[in-house]
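Lettered A, B and C in written order, each chain numbered from 1.
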């Protein structure tokens, strides 16, 4: 297993189907022999009509869905890894530092304030304490503040009113929740960034901010895979478009 | 001695059973040994355990003293003493220093006991953890594994509630560094007397059917906290009869409302009055 | 990737409750591992064997088959059910915690909150009253109980407060493994939210490994990185929580997931 120079992600012959046991075992094939290579600084936009498996592919990359066949070779934290075969712990390790996912839904523990929802992603990326040793209080407080500072920067850029930062996001509007999701995805640099409709509920000004954030990530060498129904955004950030079900261009 | 009874009332096999139990208890200081408590001619709660222990160890040349809260004259003390006089024909006395076997309820005599004497305690509840853990099976396990955190919980509660350990009697002790034991409802004031006592201390709980013992010269320490060590508090009064300030005093309210303090240990008070104490 | 040693290994665990004609196996052939610092949920419906499994792991019952292997703080592996009872009790007191479903079962109701929290410390030999009290007060704050109520008995606390007190009582000795049996059941929704946040926060800060039995998939999703699904005594599926809940493979898991009433 090896990757050419700049390649961060190499999807090879990925197959995914759903077997619906509750409907008598009906099988729904969704991904058929999907291959895709993403390089550092690339932004691949998955395009095409609904139902072709765009979200499914994203979730396979993140590990939320399992693949039935094929490989997902990733230049991840600690070396090369086939994500399709990764153990839960390997996947968790990659999600902590190497892979970020901005989904369409925001699910958080009920009382955590918006600022901390974002800050905790940055905090998670820190080196883990030794087995069984709790963090030193002072060290933790310092790390938390640094993470919160990074979170504040992003929330400001995304024009999220300061008044909301200390509130739990459960009662926020769709657009506000989406901005939390985005901030959480960008607060810690990652090798692979997965964006599922990142601008769906945003106004023009915030869409521009998201475009900027994506450009900055690309410039840092992050590989981006995204689903953008907003053509303007897509045209601004995508280095190429890929339609699933058709042979990808490399 | 009244005829028709075996020596000291109990049959020989019962005494043998008791002695085996007592030997085991002495071999494992502070550990509760179950025994087949007999029906005695007095109700549970009146010293049936103590009587069975005394009956088991009494010999025809022994001199028996029986006290109840320090006094030889209460109904209980008198009845028990007469019981053994009738069924064993042994000599009895009220003088601590002349007795070879002393059965007691709720006090340790003030006069220091000597090697060769036996002190038999009457015990209502042998299990020191009882209030916090009423399940027998559980306390057996706790004792077996020396898991005594719960005992300190009791002391903690007292401190938290009253600012001092409120347990004024039956204050739990650790025997020979191993078992935690209930010393019977003697006042905490008496606890230090148990430590390295030259006499043999035997404990009998008739209703609960348990025996335990402290062999002579055994370490006995009252449980406490580092920052709240166990302390004996003198009452700060003098006996109205003998003037003693160091013995445990009974507080009696007179008909007119005034308070009278007298030595709880009647024999000690007599010695003080006769100027015989050393 | 560097491999990390697991904290706990359960191998082919099985248990059946005694009955005249044999009866069904409450847990059958259950195997999984736990690692330090992770939260794992066991989900399944009533009667699936989750609590039996939890109790077998926590040495509260002796399983008829299989092994539970635990790696102590000293680094040695212990076969929990083959070890001497003294050692098992020692581990249960110091390195493990067990949070009962009904807080009343996991607390001494007639003893003050401070004593409840301090008991495990006193059990391991701490004998300084002042320090015990200070530690208890500190932990009450950590679980968001008013430290001024340190001398109140749990009888005076609400269900949610009792549950938090139970958590403090277990965590005071900084256990490495905490088992929880339906910690949020029976509590009001807002109280549940508070408890979930507390569990999440403490498990992260103390780098605890927590095994949580719950029938609430929402709790599993929010708290657990990995989830095991039990059905009729067997673990039918296990993996990353989002994968188990979003891409269930086993028919029973699919049924379970589709049955959830979303608010």
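In this text, a residue touches a chain if its C-beta (ideal position, glycine included) is under 8 Å from a C-beta of that chain, and two chains touch if they have at least 3 such contacts.
Please read all numbers here as calculations on a predicted model, not as lab measurements.
Taking the CA centroid of subunit C as reference, the farthest chain centroid is that of B. Here the largest set of C-beta contact pairs joins the chains A-C.
Centroids built from CA atoms put subunit C at 31 Å from subunit A.
Between the CA-based centres of subunit B and subunit C the separation comes to 46 Å, rounded to the whole angstrom.
One simple way to say how far apart two chains are is to compare their mean CA positions; for subunit A and subunit B this gives 75 Å. Those residues of subunit A lying in contact with subunit C across their complex are 18-22, 59, 63-66, 78-79, 81, 88-93, 107-112, 128-129, 131-135, 140. If you check the complex, the residues on subunit B that touch subunit C are 132, 145, 147-150, 152-153, 156-157, 159-161, 224-228.
By the touch criterion stated above, subunit C contacts subunit B in their complex at residues 85-86, 89, 93, 108, 111-112, 114-115, 118-124, 127-130, 132-133, 150-151.
Those residues of subunit C lying in contact with subunit A across their complex are 1-2, 4, 7, 35-38, 73, 174, 176, 193-194, 196-197, 200, 205-207, 221-223, 225-226, 239-240, 242-243, 246-247, 249-251, 254-255, 258.
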